[in-house]
């Protein structure tokens, strides 16, 4: 692999993320860690969405539901005094995988706009389930009073420790995604997105491949949700609002659909824009909204495209 | 019994408002194949225009009527400047660009009309109640809203099924290419359809404004329900949208009104309300998922897609 | 020995002088967007007035206030709280209108050891088992004001009441408070979706069918104006008497106008309370803004005054948390409510008054005190709070 400017920039981005706590210490601004942490967790969620949307061509308009399911798994167990991290994260991943599997069973039979709408409707069901969960605060949300506990030396309450944990999870997810999309499974997935009829004719079990990808993406996003719950010490139905799903799509497309690093770039850009633009001008969406329109009209290659990347979807 | 009657009227009112939104959505969806998340913004803009025009004219009726052409023009402008470039694009591109528009409009109203949100005061003659049955008063304004919704629905049905322009629209909804081949000016037709759809959404916003607070983001919750109505009714079918809108309006209102009471038998009041109201909202989406699982093209499919 | 004491004294003196020069940072969280932005503005105006009255210095230390907008959303409030302790490193956070926002915000702030002074929200959790040595209130616990209302209903011989309120932390506390003291029958309880349900048609239809002697509501801010309008549109106004908690006030009266005539409410502060601090506050506020201050404003004014009083005792020092806490607990300041004393849970022990809506000489709608319902009332959760001092 030749070190193209794009690869250099990506390496620099990951290095910069790794150095954030140091920079925060030097400048005395701990808030950088908070911001970077949000970006890293959202990047994980965006990677999972990109797996099905970018590589698999399945536009899920309800992906924020998995953030919520992951978050509530941690929150609900913590509310009942169970702060064992293995149990909490296991439930988060398992419950989101199951929810994705069941959603996929119904939604993956349809295509195009019907798929989008079913994924939206299913996410709304999850949203209202959280709204109706009066035992867990309903609309008001649920404060988590104890952090997840894994092993005695890993204290998630410490912001730097937690940040590096999230960053490590992100790196592992990137490596695994890279291997997955370059393995046979990934080729088949992209093949289905590009020409389903052909793959069907070749005897590929299309539905099973799509369902597997959908379930995997749900599980990964559930993990992001569990991290988000530990990050904020708070979960509420607004995590699953349909505009949050829209935000995730924005991150993926802003970074570059169907590229490995695109979602990370998109999530970081989104968090930085949100923070910096809102500091500069209160009504930053007045610029950000038209920017999205321009990104789309200009050909939708995302930031990765600007850096010379080629979409392999 | 009297309670049920009132709730049915309330449900019909919500249903008709949903229909006003869904009518535009379903036509734009069906004819231009465009998923428009910014449709809720046009609903919001209608309400804001009404706020200003009622202020200027000093008359509720005049202001509300003037707001309609304003939304129509805004809709056409949005179509010409931005959306017509998206018709041939993927659904993902459409979602993203119209989501961008939604964010834009949400902040635009904050800049123009201030952060506080606005309310519209009704004139005295609409602030009264009318006895619909002996001893059962009902808000005069809500009756007016129901009447307006029915009139528009009837007008829309007449236009689409009985006029030349309606024929073209129907032709466009069932087959775009042929409509173009027949020498119909497709670009203008599309602008017109979009503009009228925007105006209907704006009308819903105007009619709802005195009942709600006019504020940024007010279009988002109702947009999702209108999307459900559109898909449930069958994309491109105005008739389907009407049936689906009324069903969902009634279902939502009745479930919200009676489910909590049923649950109060087993739960404390606030818990019953929380769970009951949420279950009421879930039913709509569940209904949509089940319907699509059984009838993938909605209740009134326009054509095989 | 003497030299050592002298050195220590000198050190303390130098430290406190250095401290006195760096400005104190106060984070003030309220709602500045949406239909309830008017409440946030009222609180902000009161904070600025309190600072002017204190000479723009609290305890001799210059002060910077960072206003943050929670948009009335728990998750946004939570993020803003984290920003205030993380990026701005404020010494104290005050404000917060909504109980659900406060509950979402409180944990990271209190865990960080930052003092949090609620100028409005008073969720039962923070008054009871979850009370915290760094949490103070200059308002009330949610249950108290409707408890006073329940007492009023009893005195007026109301036998059957219907409750309608927003379904969130405060709404549930308020209804519980009313039910604690009201001795008659509760005909029905409706909790509407908060804050996005503004259409009360279903609830109004139920009121008509249960035919209660009275209706009690809790709808702060824009919802209150909406509810009264719709109550009147449904033809219920004048038919079934309406009682309120936090629904008819200086914020909503300009919208409710004559609809609020005859709608009684209870409050721990009314603008016509005859004490010197209050007279000064109300006169200056009215002169500056040409409107009546609300209780939100009064409580915000008290929050700043409380902090000023405490910092005067510590010489502007905020680093010694125990000293600051002890000073805050003394509540040595001139409250607009008159006497001000903290309970063990650091919520005020205070009077509650019955108020009615009237038109003033200039034709503006306002409220006035009718009678005292409770004197030195303690909230019902304070004995669940383990703090003793």
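To keep things simple, chains are lettered A, B and C as they appear, and every chain counts its residues starting from 1.
Keep in mind that, in the parts below, a residue touches a chain if its C-beta (ideal position, glycine included) is under 8 Å from a C-beta of that chain, and two chains touch if they have at least 3 such contacts.
Keep in mind it's a predicted model, so treat the numbers as computed, not measured.
Engineer: Kindly list the shared contact partners of chain B and chain C, in label order.
Structural biologist: A chain counts here if it touches both chain B and chain C, which gives A.
Engineer: Among the chains, which has its CA centre at the largest distance from chain A's?
Structural biologist: C
Engineer: Which whole number of Å gives the spacing of the CA centres of chain A and chain C?
Structural biologist: 39
Engineer: Averaged over CA atoms, how far is the centre of chain A from the centre of chain B? Could you give it in whole Å?
Structural biologist: 31
Engineer: Quick check on chain C: which residues sit in contact with 2+ other chains?
Structural biologist: Each of 167, 193 in chain C touches at least two other chains.
Engineer: Identify all positions of chain B at which a residue touches two or more other chains, and write them in rising order.
Structural biologist: 110, 270, 274, 277, in rising order.
Engineer: Counting only residues that touch at least two other chains, what does the list for chain A look like?
Structural biologist: 138-139
Engineer: Would you tell me which residues of chain A are touching chain B in their complex?
Structural biologist: Against chain B, the touching part of chain A is residues 53, 59, 61, 106, 109-110, 112-114, 116-118, 120-122, 124-125, 128-129, 131-135, 138-139, 242-243, 246, 249-250, 253, 257, 283-286, 288-293, 295-297, 300.
Engineer: In the complex, go through chain B and note every residue touching chain A.
Structural biologist: Touching chain A: residues 29, 35, 37, 82, 85-86, 89, 91-93, 95-97, 99-108, 110-111, 220, 224, 227-228, 231, 235, 267, 270-271, 274-279, 281-282, 285-286, 288-289, 292-293, 296, 305 of chain B.
Engineer: Spell out the part of chain B that touches chain C in their complex, as residue ranges.
Structural biologist: 2-3, 6-7, 10, 13, 110, 114-117, 119, 122, 127-129, 137-142, 211-213, 215-216, 221, 253, 256-257, 260, 269-270, 273-274, 277
Engineer: Which positions of chain C touch chain A when the two form their complex?
Structural biologist: Its residues touching chain A are 73-75, 78-79, 82-83, 86-87, 99-100, 103-104, 106-108, 167-169, 193-194.
Engineer: For chain A, which residues count as touching chain C in their complex?
Structural biologist: 29-31, 34, 138-141, 143-145, 232-234, 236, 238-239
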